[in-house]
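Pasting a structure here, questions to come.
Note that the chains take the letters A, B, C and D in the order they are written out, and that residue 1 is the start of every chain.
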């Protein structure tokens, strides 16, 4: 009998733990790790969360299985109701969307994210865009950021292409401070900004100044891994710990819900090999 | 076999004729004469009008019979769809509601109407209010005004309480000019204001300056009746005519749709006695 | 990191997630406080939350601000019960059926109710501002009318895109929306059949939503009945109250009770005796909604109103009463 | 006074009242002009009006501005066919299924498509401004992000009620909304089953609406199927085009064709051969939609996609392709 979980399952669990019970919670699209984390939370510690599915805006759906495309009837089966696109974003703008999840090809030290394009003045590499993430990063109560691409091995010239960067080429979604250091609080947004960042190397929070800080490692990662793969030096929590692993119940929920292992598409091949005792 | 129509049927016909084919047309509530006029228009000369029912916002309903309360399931039976309250008013504000009907306990020479209250500084007599009429008087393409209370016999002291007045005590819905003479065109509203006024004494339009002008009499009314019952002197059209009467078809539609003669509640007892050859 | 560490949600966000929100009607109205701004659902003679309003009067609620579009007996009765301090309605009356609203008129004319008459789109835009968390919404209309005089809180601006003048109407966030609908489930999902009037906007804009429903059904059955109009998380609490809209209609259950409305109107018009002849008898002296239903004539009276669906002539008969 | 005297309605009011609006697909796309701003309905892998877009490409339409929220193969194919001048989308990609959108990326990177990336709520508020006939709508969000740099047309103001800074986003009124839905009637009433994405907003905000539908039914049947989502008077014209969303899904008729999307993606990624290997074969060289359906494999291919409803395992099977 299996007594291990995969890294994907570990990461889903870490994201799930950031969801409080009773929270009105929304995922976007293109985020199977987050979608699974929301279903795990709803079925374990957060039964009263309001789970709003990305793209379909179904409320508390029970999908038969996860698909790699978010706007699919699989994803809102069993929903008790559906919102429309305007209503969902109104909930955020009126302070009633408590938690959302954002990512980026670049994430900076203040939690700003870039999913629009790489390059300084012209677009060198066009990214797909952020959906509603820009609006939501300002309005939603608390954000959980995630990326499964923190680790950036040096190329043959010894150069690393960092994902966790000093400064984003383009700020698609807002973190705790602008590039010039102006704090988000000056802008009068109703959302409090990023609270957690879950990556393939560890779990981070943000210190009082809004700067990224290492909060927990995985059993198989080290502070040195984090430092080498980050363009700047994140703070390190005084209570730095090792993340706890998901229970068998959590792992079973994920495996039942994602028989095609769609969530592994977010992971690099080497991370798919990682496993943890549970 | 009857070859006459009642005054109510005559008045409904005059209102119906102000509705062009193809127009998106809306009635409010408390207006059976108008409701019947819209159904007459839709079933005769304006088959392509979009008939939107007041209060229910049903689109092109076929009510089994008219009720004296507008928000009743009778009134939207057979509707192909229903709008919501916001959508209806958005249509007006975006220039897509072509015709609406307004009335008032006072209607002034520029077509301003008062359904809010009588009295100068304090409210001497509180009227029910105008629903959405204030907004719609600014936004709707063309307005048809109506009242079945133009005639105002002198009381025992010889004083008339005019309904068609020099100046409204309160302007609930906007006509062609403000009380100080400022033309409506200065305000940049998208609607063109009142086009017709149908009363128990005649049919009126508005001259180029926006002033009320007698356009047609009924077979049983005179210019003198109009002048005596109006607080100011309306203009008189060079083509002053006698209104034509409704066809048997029109009369039949009205009688079929309003078996309880709800529309006669808008008429004074003496006007219910008037009849016309058809 | 534990699930509850730094991950609590803020209080008072107007999101309600209890599994069961079914409570008795008397507890439901205790969610309304004296002085609250209440948005009353339904409109004219349709689906007004009359049982809840009668319970409000029995509970002695006072100084309410009433918000709505086109209303009738609901607001008139609250005025007759001296429960209203200010009106932000766009119409209160009985249309062609009976005419002006007697208690409402008197209360406005004698100054006991402040008159802030609104108009439908102005109210829609003010609710939309609240729903979108904005301080205001712009409108183009109402300039040139005296509505501006009743609303010194409105501001104007020059549009930076077009140079035209716009009116900015501030967000309107009722303390409580009080609505009556056909169906609900235990969790508070609500299904409205037929015209929703402004109920959806009220539910989204208000801090609390309290609902009475004709019938509690399962969430699955709600889907079959047309789906959820108002998702549960907007709804604070609800009660099952059959005939809860009486004497206004709640199709497909029952039609408008024109005869009882006539009785009400006649009593209201005879000012001096209204409390005695109507308010005590049908509201204040009733222990509860069940007693009200008895006093209006019991099953014979209510049964009659369900016969609208038997055909046009049965339906028509109800209006001749 | 005659009915037509002074009572004509203004032209170009975006209200369409013809009794029958059913026209062939080739006529439908002739309602789109070169340079038009088009709002494309559906989203991601769902209910995108693919047959209409293929017909647009066959008709050689050029310099289109594309407006939308989260899209995929639809916008990517238009970019691959050199029909796009500017993008106002909030996302164009293939999510976790295949990743970035190859033609869209290239067109943005080589400058042939102007990038005005939007975000969902910004677009919603811009559409709402158009729907309400307002020059702009306010939002609080996006300040502090670089979205402001992509949109010099946005303005800011100090709120006269709160003193806070707001962003004013101008009305967005697409020339044509192009949507695909499950059911319609001859008059143009449309019924959408499942998530409407932004289709309702597009229909209300646009000057014209052109629709393809899986099935034309009677107005009465539309009511039974869930009622009208988009009333006929918004709709300029429509065509009956079964499998008109393929390879995106149009439940309950058919699921997403993952295999064909994979074929598309592979062809698009191999830039140099895209026109030859995909665009000519499946779009430009097809005489019409019927020929397209033959080229993708005929009834055997389309039949397979309808089997999602036979149970979870049949449904799951479609995603393993």
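One rule holds for everything that comes next: a residue touches a chain if its C-beta (ideal position, glycine included) is under 8 Å from a C-beta of that chain, and two chains touch if they have at least 3 such contacts.
Everything numeric in this text was worked out from a predicted model, so none of it was measured.
Under the contact definition stated at the top, the chains bordering both chain B and chain D are C.
Comparing chain pairs A-C and B-C by the number of C-beta pairs in contact, the larger count belongs to B-C.
Centroid distances from chain C, each centroid being the mean of CA atoms, peak for A. Centre-to-centre, using mean CA coordinates, chain A is 42 Å away from chain C.
Chain B and chain C have CA centres that are 29 Å apart. Note on chain placement: the centre of chain A and the centre of chain B lie 60 Å apart, centres being C-alpha means. Residue positions 132-134, 139-140, 164 of chain C are each in touch with at least two other chains.
Residues of chain B in contact with at least two other chains: 93, 139, 190.
By the document's touch criterion, interfaces exist between A-C, A-D, B-C, B-D, C-D. Taken in their complex, chain C has these residues touching chain A: 1-4, 6-10, 13-15, 17-19, 130-134, 185, 187, 189, 204, 219, 222-223, 227-228, 231-233. Across the interface of their complex, chain B is touched by residues 42-46, 69-70, 89-93, 95-97, 100-101, 104-105, 108-109, 111, 115, 117, 119-122, 124, 128, 139-147, 150, 164-165, 194-198, 200-201, 249, 251-252, 255-256, 308, 312, 315-316, 319-320 of chain C. Note for the complex: chain C touches chain D at residues 125, 132-140, 155, 157, 159-162, 164, 166, 168, 170. Every residue of chain B that touches chain D in the complex is listed here, in rising order: 14, 17-24, 45-46, 48-50, 59, 80-81, 83, 87, 90, 93-96, 98, 139, 141-142, 190, 195-196, 203, 205, 215-216, 241, 243. Here chain B touches chain C in the complex through residues 29-32, 55-58, 64-65, 67-74, 76, 82, 84-86, 89, 92-93, 112, 116-117, 122-139, 170-174, 178, 182, 184, 187-190, 259-260, 262, 265-266, going by the rule given at the top.
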